[in-house]
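There are two complexes below, and they share chain A, which is joined by chain B in the first and by chain C in the second.
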Partner chain A sequence: MNDAELSQGKPAGTQNWLLRLWPIVPIIAALLFTSGLLLLFNAGPLESYSAMWTGAFGDANKTFSVLAFWIPLLLASFGLLITFTAGLWNIGIEGQIILGAIFASWVALKVDGPAILLIPLELLAAMVGGALWAGIVAVLKTRGKVNEIFGGLALNNLAIILTNYLISGPWQPPEGGSFRGTTPFQEAALLPRYMDTRFSPLSLVLAVSAFVIVFFILRGTTWGLKLKALGKNPYSAFLLGVRSERETIMAMMFCGALGGLAGAVRVLSWFDSLRQSISGGIGFLALLIVILAAYRIFWVPLIALFFSAVLNGSITLQLRTQLHSSLGGILTGVMVLFVLLFGSAKQLGIGKTKQVVSEGAPEVTYSPADTIVPGKHGGD
Partner chain B sequence: MRVELKDIRKYFGQVKANDGINLTLEPGKIYALVGENGAGKSTLMKILSGYQPPTSGEILLDGQTVQLHSPADALAHGVGMLYQDPLDMPPFRVIDNYLLGSNGGVRLDYKTARAELEGLAGRYGFDIDVNAMIDSLSMGERQQLELVRLLAGGAEVLILDEPTTGISAEQKEILFESIRKLAREEGKTVILVSHKLEEVQDLCLYAYVLRRGQLVGEQELPCLNEQLVEMMFGQVPQRTRRPAFDVGEPVLELRDVTIDTYQLTVPDINLSVRAGEIFGFAGLEGSGQRLVMQACAGLTQPNQGHIYLNGQDVSRWGYHRLQANGVGYVAAGRLEEGLVAGLTLTEHLVLARPEKQFFIDWKDNAQEMAGRIEKYQIIGRPETTADALSGGNQQRLLFALLNTPLKLLLLEHPTRGLDVRSIDYTWQLLYKRRDDGTAILFISADLDEIIEHSDRIAVFSGGKMSRILDAHETTADELGHLIGGQE
Partner chain C sequence: MNDSEFVRVMASILLQASPLIIAVCGEILTERSGVVNLSLDGSLLMAAMTGFVVGLLTQNLWLGFGAAALVGALFAGIVAFGSIRLGQSQVAIGFVLALLGDDLSAFLGQNYTRTPGVAVPHTPIPILKDIPIIGPVIFDQDIVVYFALVLIGITWWWLNRTQPGLRLRGSGERPEAAFARGVGVNRVRYLYTILGGALVGIAGAAYSLDVKIGWSDGHVRGFGWIALAIVIFGGWSPIRGAFGALLFGATKALATYLQRAFPEVSVVAFNSIPWVLMILVLLAVGSDYTERFISAMPKDWQRPLRRVLRVSPPMALGTTFHEG
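== the complex of A and B ==
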């Protein structure tokens, strides 16, 4: 509250400029914090970060790896923008990615045909798989009153168990189950990759399309507005005429479909078969990315790229220094903590358009007071 | 405790909610703070109770300048505010709620707390069962409990914000008696914020009148109501007389409708509301009138019986289907049940319009909203968010969002918390709706309002509906008897 009030005194331009650069603040804070941690372990921060940089962008091959890892993160994050808008915590995105990977693998293993037929079929199957898995979570929520977080977590585990069963059972390679993965897919089933890298230009086309579609849904469609209303006040939205159950299920399935697509990109270009940890936490990373981006779509690609670079770079870090590659995980984790620490973006009036921030000052000051103080009251 | 407010200013952007207010409150007196909606009463009291800081200005308690950082901090300084909606926590027992509010050690001392609570309650004539669950208490009892909590916390200055909203006449008397006692015998400073001038006259010694964020008058009480109204509005508003209207065919019919919930059974409701007719439901809150209305809106389903809309059986229809077929419903809680905080007026309009486009034509909708803003005299702009509007304007927005024409309009407390002029305007809007043949069914806690505006009235008491009364031949006394369950 005080922040918002203090900033009223400043010229509006300064305020907007600060708000726009908001995600940078926790990133810098996290870098400083991690540097402190590195010093504690007698490692030079500069040296470590430069090792990470080389690991991420040292040569073309590495750079394309970063890009290839970036794409599924983007797809999942764009899907999550939809569910977050509707006020849903789709923790089940991880399971939806896995199901997408399983469905795509199923087509890749069982259907023979030219690439032009196989690839669309795989992508479609992956979207159906992810949407189906998300749909179960949604119906559990609307009909069974199971919170989507718990339903999602349960289905995440089920998805992992299903993968393990397929790898060690029906889909195991002829030479015997190894728990590593299935037989590599036929060449026609794989996404065309750039040179010898894991990066597929086609997957970039998918991600860009997802960006455009999600952007327009949230910006200019009645459906997007319904989701926004649902996320802010489900009962009022219902009374205004929003069919809450249907929109909840649709939002989840939309996100699930994009998650499934992310899973397909994983099996069809990053790997060449269904693997045990096919997602490897991409869904959870995407949740962090969207939170860090303060639910703003334009920040998502940048932050996702940053995450991808840090995580890929930390592998080299381990080779060059004696530090464990989990440093990348620490860095990203700390960053999210700092975002939460610096207060939710909404309280700072972020997420509103520039015009409203400068003109509609009342609600910037109102909302925090209204939400924080009554809660405190009972506890005095 | 002597309270001085010096040059209090509170700005929300361009809006000057409080614009340099100076006033002094002496101990042992009961003051009234009156003014129309948006005059700045609530803002000023929220500042005094530590809920929000002023933009500038000083608060002096017994001559000492203080900074109040939170309601808890204000209470520690001796200022306690009783909110319009009690802020206790429903799923608790009374005693737990009380303990939560007192700064105790690690262990909960039930015995002392119980003695304290019962002692305080006894002193002010409150009858509180310490082991009752809070959600089983009536609004009046919850207020008593909250008042006791403030007193136990050491409140010397008590701010009461519309304390009689939703409580019975009997509880009102108890409350007023205890307030008089607090002021007279214990020297507490009491400030009553209210729209109900009768109450103000009845209880208070002195009135401060606010208009547009400024103190525009002070008045010894009692005085003529017209004097206060003139200060509040600058002129005495004319109440429009009810235009005569010929009612048409039945629009809504309930036949042997029974609604059974775990709290209350509402048996055998039979009634019909005709096109152009205004039908009022009276009764204490929670007597069943809201359940019947929600059944008509499709928000709850009757256990037995049938509901007909224009002759068609709609007993099993859901809310959205009824909405699409010309039933409008406006609930009492504006920002909780009807508007979405954070969405703009235009966005509300897009959601409420029956014809759905895939892509939103923002320009067209903003124009339409601007037109409705003018028509419904909302102080706001298409791009204003709903939560930035004042209570009266939020109510107007809800009316502006209703589709036209409607067959049936269901209203819960359509004028609750509004000032005289807004109430008058609201009813003018509702009268216009009758020209389209809309049948109107409304719930109100204000008996005068029900008698003045209804054609026919039904009274609910403990789930049972009374015989249907002709509004022109009944009196507030008769309704009062029926509300109390006497035939």
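== the complex of A and C ==
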């Protein structure tokens, strides 16, 4: 990732070796940080990293697991590019993924039919489910002035509760209610998988289509332009005639639909049933991926693949060494934090680079009770 | 529900709400100075884990609370440094820290899950505890509850009645004007972000050493976000914020009570109460419909209703200020 970041952050004329190396500093710093943690628990960092590596790419089966985990990350991240462009913090993506999974499961459990009919129906239902959940967050924001961060968080938790209700109640397996999951779906309802792996080539087709669509929306459509205007400066966008309420709801629902697809891929190819932690933080990871990619679509696939490898690897690490698998989350989280803080060397007064991290990033602001403009309600 | 049961429920609501009150007061100080510390969920988890583990290892409660306060201050310090010194987005840094704190606490606390530890002792206050009803509810508690109650008053007094409080509010409302009057806006923001973070840390330890004793993965997950929502609902005022925290404490007690009364209703229905409440209270203070409702009321009622139902954030909340 160094070269491209450099090409953006290259100082005029001077070639400073420190600047050239700057983008890898956060990566090294994050690795050092996790190494420290490993040493604290009497585990050798190098052994642990190599265990993570073999856990991710040790054999073909594991590599396909990494790919299978990568797909929903991609779908969610592409959706988030749209909401971030519109200046929205769609933390509710997690709930949208879950709703997609629930809607897809609903079709898989209740509808009988051939795969050629069932699968499109499931995917469609998942998109509707995700978009619906996102639409609620959006309307709460535009009509109710509930900041999307809080609306989204509440709906994330409600989605988790709904899942638990379904798998312990109406959709519980015949042998009795458990908090584990539903009965496995019929074979025709599952996405066709490659060999015995969890990876479905069809889901890759979905992800590639999403990439192309989002790329063109942001590059070549009026809608993309409107979203950018909304994200950069809502007031100017308003003056230019962008209907902020409509675009906010549309952007959120678009992202929700892609999140829903991600959820469908989780239930129909990663698992074969609706499980308790069906998303498992994929939505939050996708948020980190997009932040780390500095909102540039071409970096998303690479970073998402890296995240997928690290997380799959850390699960193997836990199986082998009993070390908590949250190590993968720490490694990626610290990396994003360091890039956020020190991504541009300028901030530490080293050289004179352009700001790299927030380059092209939307001006995302936090305004809890957003639109309560002082003096708006007169009186007091 | 007879008298003694009523008193018991009230006392438990207050106890449940106490850590939330402490965290809310901390975050109010931070946000009133103009900084949003969105990392609360992660820092609460880290502080709860740290407080529990340090308390257990040293067999000393105070060291547990102290260590937790340091962790909270550190997280807040990162947010402050990143936004003030480096000019990065407070929301982004806070959000990443919220996730990181979750993972980090799970990793660092992995050897201490579900182990017994130290706990804050019950310390009723003599004489006062014998006052009917109020006594057993408020004064037959422990140090965490007393601290939370005193903190509400101190925070309100500090914000509204002192010179430093005025500088604090100035930094959050009109930083340019405050700076022109000689207030070191960014120094003030550093100070109250870190102080607020330390209070959040104490709140985390209040969970793991008192209200929800022990440690397990995601022990207090979700409470940080609830605290942030309460700050908004509370209109950035410690008294209203405390009321909001009590409201959330009450729903918890209510859920337990309803669960006993209606055992046939699925337990998950009750789990959803705090989140539904979170949306409803934010809607109540934010939505246009509330404004329309107020406007439809008689003239004399409008002002008091607005005071109760509407809130407005510090004007410079979440913005960066460049001195000089």
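As a working rule, the second predicted complex is superposed on the first by the 309 of 380 C-alpha atoms of A that agree within 3 Å, B and C clash if a C-alpha of one lies under 4 Å from a C-alpha of the other, contacts with A are read in each partner's own complex, and residues count from 1 in each chain.
Operating definition for what follows: contacts are C-beta pairs under 8 Å (C-beta built on N, C-alpha and C of every residue); 3 or more make two chains touch, one makes a residue touch a chain.
Note that the coordinates shown come from a computational prediction; the quantities given were computed from them, not determined experimentally.
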Partner chain in contact with A:A229 - chain B first, chain C second, else both or neither: first
First (chain B), second (chain C), both or neither touched by A:T221: first
Touching partner for A:I291 - first (chain B), second (chain C), both, neither: second
Chain B versus chain C as contact partner of A:G169, first or second or both or neither: second
Superposition-derived comparison: chain B or chain C, residues of chain A touched: C
First (chain B), second (chain C), both or neither touched by A:K145: second
Which superposed partner A:V242 touches (first chain B, second chain C, both, neither): first
Partner chain in contact with A:L80 - chain B first, chain C second, else both or neither: neither
Chain C-contacting residues of chain A that also contact chain B: 365-367, 369-370, 374, 377, 379-380
Chain C-touching residues of chain A, taken from the complex the two chains share: 37, 40-41, 89, 91, 140, 143-147, 149-151, 153-155, 157-158, 161-162, 164-165, 168-169, 284, 287-288, 291, 323-324, 326-327, 329-330, 333-334, 336-337, 340-342, 347, 357-358, 364-370, 372, 374, 377, 379-380
Of all residues in chain B, those that touch chain A in their complex: 12-15, 51-53, 55, 70-72, 75, 87-89, 97, 100-101, 103, 153, 319-320, 323, 329, 331, 335-344, 347-348, 350-352, 354, 356-360, 362, 383-385, 387-388, 401
In the complex with chain B, residue positions of chain A that touch it: 1, 5, 8, 216, 220-223, 225-226, 228-229, 232-233, 235-243, 355-356, 359-363, 365-367, 369-370, 373-374, 376-380
Contact set on chain C toward chain A in their complex: 36, 38, 78, 81-82, 85-93, 95-97, 99-100, 102-104, 106-108, 110, 222, 225, 228-229, 231-232, 266, 268-269, 271-272, 275-276, 278-279, 282-283, 285-289, 291, 294, 302-303, 306-307, 310-313, 315, 317-319
